[in-house]
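Input: structures, listed below.
Both complexes shown next keep chain A, but they swap its partner, so chain B is in the first and chain C is in the second.
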Partner chain A sequence: MAAPGDHARVGDLAADRHRLIERYGAPDLTPSTAADHLAALPRARFASVAYRRPGPLVQPRGGFPSAAKQRALTLAFDAAGADFIPLTVDSHTRHNDHDTAARLLAASLAEGRDLLNGYPLVAHGVTTTRGLFEGIERPVSLRHGTPDARLLAELALASGITEIEGGGLSYSLPYSRAFPVERALVHWQYVDRLCAEVGPADAPVQRESFGPLTATLVPPVITVVVQLCELLLAAEQGVTAFTVSYGQTGSFEQDLAIATVLRAHAADLLARFGFAVDVRLAYHQWMGAFPAEPSLAWQLIAVSAAISGLVGADKVVVKTPDEAVGIPSIENNAASVRAVRYVLDMFPACRPLSNEVVECERDLLDREVTEVLTRILDHPAPSFLSAVHHAVLDGVIDVPFAPHEQNAAALIAVRGTGRRIRVLEPGSVPLSTESMRRERELRGPKSEDGPLWEGLLRDIRVLT
Partner chain B sequence: MVLGLVGNDIHVVANRVLEIGMAEHGFRPYNLGTNNTVDDFADAVLETGARAVLVASVNGEGQKSCAGFGARFAAAGLADVLRYVGGNLALGDRPAAEVTRLYTGFGFHRVFHRPASLHPVFEALRADLARSALEGIGPALVGRGGGGGAR
Partner chain C sequence: MTTLLVDIGSTTIKLCEAGTRAVRVVPRAPGISPGEQVLSLTNGADRLRVCSSANAAPRVGVLGLTRGHSAPAAAAGNVAYTHLLGERPASPLPHVDILVMAGGVDGADHTHLRTCLSRTRLADHPHDVLVWAGADDPDLVAHLPVDHRAPNVLDHRLRPSPGGLSDLIHNLHLGDLVDHKGLRPLAGATETPILPTPTILTVAAERLTRDNFLPDVTHPFLLVDIGGTTTTIHHNTHHVFTDLGVANPHRALATHTGLMDLATAIDPPQARSLYHSLSEGKIPTPQTAFLTCLYLSLWRLTHQGTLTPQNFTSLLVTGGAWQGTPTPDILRVATTACGLPHAHWNLCLDHHYEFWTHGLTAPAMDHQRDRMPSP
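On to the complex of A and B.
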């Protein structure tokens, strides 16, 4: 059995870090920069400290190419009362194409228009990035999508960013076609170990997984299993502050069930393998196709904010009414933060709800998660990482609509009764006969006799 | 048949739905997924013996990846393979007829620019494959203009 444990901790990070930082070759980044800077940083700048307040804390997203515009966005978020400040990185940097990012940054500045869909952190470097957050007493969260985020994480931490989103599965399968999953997993071991090493003892660096994945008919069991795998992989590397997350499913009952099951399994697994990790729960507002009409988009944002409170999330990652159109403006971003805060204030200190539908979803999900995790943990691989890698190759972890060539793409999910996401074809995901019987039962009668592909398109566009 | 997305394009959702729909309609899809070149399509047709390729481009930048598609297939000895292209084939509000003309010029037999449904794709494919089984296709079809799906 590939039991997760401290024995899997990477031993030679110092040599790797030295090589990586030397190759980057900027005078303001050395292997000790991050630890020194974080030690001196006000504790209000740490995500793990912010999480000591009751949630849901509000986390917007946002990234612009120029430092000036990113600074303006940061100030707008601060004024709007966002609990977390984001730094969203552009897609060239995500693929470690830093030359293109630097060229398009220069062109953006010269032409006065944004030619990148985020902030090119590597091109800007440490000194400029630190300047973005001067005088800000809130934690900054790195939002990206990078299969190999070693250099990005080094720069982020050295710049005073105290929360790093991503993971070897959640930032490869949905974001890349060809980046080998095994390499992504190994590079994320580096990031996990780095986060564990450079944070102060009283304010550890927060790691966060990315639960929404492709945000397209992903069944809850896949979401939860990916979250738990990344939690355990981070724990192996000594991470003590970790956020599991998931995206709004489109079913309130499944949202509630996921929160309960994810928390329970996380606690069980950590206890079982002897890890001490402070686990937090983030809820992503609807990550699927958004309505184009702003008045409808606002309703979705408001309802989703309410659900984040009702599932007892520690953090809600907010959307904007521009979502269907393109990259949101600074004003729209700030307006979203105010709107979500307004809705959350209507649900002070609310307790998670339940009813028989939620319990039924919870019981099925709990069983399915156990079935898939057992298969992964029972794999005769030499390490937990290797078992997770094999789970992808074998289709045991199968993310619908992921572009990655190593993803099995055999699982098919649809929406059934109550718009809840149901596994129609499990592919190689090891769901028992009993679980699949329940999935069929809960799917209910087919509403129309149209072909499957038409139903899928309908289900994907369910909230547009 | 071979399907996939051309160019630096990672919009995989419609691609996967199309694959499922084709299997449902009795075709045998071989899905190349995202980020393919013309040569990837030609190689896959050679390897699988496919009778048709369905090239998709969703990000509006398909032009540069699709130019010379038919000529490239002809050079590989694949002139008789049925070639469809669809998706969001041009940025902005270019008239559908103009987009269809453009891609027909690249050597595609049918063009589906922003189709409202996939039904016309399956219908056209069934009809064209039946016809090609009888009389062979290829250059005769080129120049017929867009398929029923182009708006």
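On to the complex of A and C.
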């Protein structure tokens, strides 16, 4: 059995860090830069401290190429009352193509237009990035999508960013075609261990997984299993503050069920393997295809803000009405923060709801998660990391519509009764006969109006 | 009467006088054919018996509709490249001994396949022999100078069916050994036909089962022979891995999907550091190269379902590559590769190449299988 445990902890991170930082070769980054800077940072800048307040806390997204525009966005978010300030990184940096990012940054500045879809953190470096957050008394969260985020994490932490999103699964399967999953898992061990080592004891660095994955008909069982695997992999490396997350499914009942099951399994697993981790829950507003009409987009943002309160999320990651069109403006981003805050204030201290449908979804999801996790944990692999890797190769973890070559892409999900996501074909995901029987029952009558791909397309565009 | 036993490898030549344990290992000399070098080393021996593992398989290029089915079948050869039918190569391709073309399902509509075939320029794929291993419709390749046909690598239920192509490549190799591997100078000098080393290992395995000439080996046993450029495993029949030798495991490393498991098996305390080295194609020591070949060959057979490691009681390692590797490491790597980390195998190391000498000194009739023309 591949039991997670402290024995898997990266033993000598110092040597790895030294090599990486030396290769990067920036004078303002040494192996002690991050720890020294974080130790001196006001505690209000730490995500793990912010989470001590009741939620849902509000977290927007946003990244621009130039430091000036990113600073303007940061100030706008601060003024709008965002609880977390984002730093979203551009695509070239995500794939460690720093030369291209630097070239396009220079061209952006020269031409006065944005040629990058985010902030090129590696190109800007530590000193410039620290300047973005001067005078800001809120935690900053790094949002990217990088399979190998070692250097990015080093620079982010040294810049005073106290929450690092991602993981070996959630930032490789949906974001990369060919980066080997095993390598991503190994590199994320580095990031997890780094986060565990450099944060102050009273304000640990927060790690966060990315639950929405492809945000396209991902059945709840896959979402929850990926979150739990990344939680355990981080716990192995000594991370003590971790956020599990998921995206709005399009079904209120499934959203409620996921929150319950994810929290329960997280607590069970951590206790079972002897880890002490403060686990938080983030809820991503609708990550699928967005309505292009602003009035509809605002309704969607408002409803999903309400759901984040009703599922008891600790944090809600907000969308903007620009989603269907392109990269949101500073003004639209700030307006979204205010709108979500306005809705959340209507639900003060709300408690999670339940009813028969939610309980039915919860019971099925609970069983499915147990079935898949049991298969992973029972794998005769030499480590939990290896068991997770094999789970991907064997199709036990299978993310619909993921572009990655190592993803099995054999699981097919559709929307059934109540727009709930149902597993139509499990592929190699080890769902029992009983679970699949329930999936069929809950799917309801089979649609006869066209081929499967037409139905899938309809389901993908369900909220557009 | 003295009989000299000779094994011609890719990097060394092994010589031993029959009836003794005095094995000499001589590096291959540059600028001289293996046959000529062997003749210079015989020292007036009365009789010669020779086997060859040098470049133990022909170089094969594969053209298919997908990259998925014909390449594994062609692994009986040394697969130089796999490309899609109808796609122009971005850069010039190397000359191969055998070009395998495959595609289509027997009885299906071949419109797409015909289009791809018509776009394929054989001049872009220099080769000696052209093999068709696709759909059985004879019209499909009527316009191509096909030398051999093998059964379709996909059966009618779309399952991989590589056996026919694999056998054909193996037989083409046997017929090709003498002329292409520089052994012509040995024509008439050998007592028995020159055979591929894997065949000699098969003969020795049969003799071991019958005569038990290595008393420490318990039955049933698993035999592994790791050389400079190939690894052979004997399990019912022999399996030759032409990309796995201590001199060249880099291509195999680049395509293996579980390097962390491999690193953990080879060096548990330093697994992470070894993982990074292996990821960059760096093999720190000769022992690491040996253990890498051992792991990958056993892993492949286990995962293909062609090896049932639960049934073995002994692991017999022959060849010279293992020397200097601690026996616990060999056992740990072998059992981990087979998914049986707690297996209690009896490890036997063939210190004096006795396995090879028994195979080569076997009566000539034992060599009849896989027979090839005498030079």
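Quick note on the criterion: the second predicted complex is superposed on the first by the 462 of 464 C-alpha atoms of A that agree within 3 Å, B and C clash if a C-alpha of one lies under 4 Å from a C-alpha of the other, contacts with A are read in each partner's own complex, and residues count from 1 in each chain.
Please note the rule applied: a residue touches a chain if its C-beta (ideal position, glycine included) is under 8 Å from a C-beta of that chain, and two chains touch if they have at least 3 such contacts.
For clarity, every value in this text was computed on a predicted model and none was experimentally measured.
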First (chain B), second (chain C), both or neither touched by A:I460: first
Which of chain B and chain C A:R183 touches, first, second, both or neither: second
Which superposed partner A:R437 touches (first chain B, second chain C, both, neither): neither
Contacts of A:P403 with chain B and chain C, given as first, second, both or neither: first
Chain B versus chain C as contact partner of A:H18, first or second or both or neither: neither
First, second, both or neither for A:I412, with chain B first and chain C second: first
First, second, both or neither for A:T216, with chain B first and chain C second: first
Shared chain A surface residues [contacts with chain B and with chain C]: none
Contacting residues of chain A [partner chain C, same complex]: 10-11, 15-16, 180, 182-183, 185-186, 380-383, 385-386, 389-390, 393, 406
Complex contacts: residues of chain B adjacent to chain A: 10, 12-13, 16-18, 20-21, 24-25, 33-35, 118
Contacting residues of chain A [partner chain B, same complex]: 177-178, 214, 216, 400-403, 405, 409, 412, 451-454, 456-457, 460
Residue ranges of chain C in contact with chain A within the complex: 257-261, 264-265, 272-273, 275, 279, 336, 339, 341
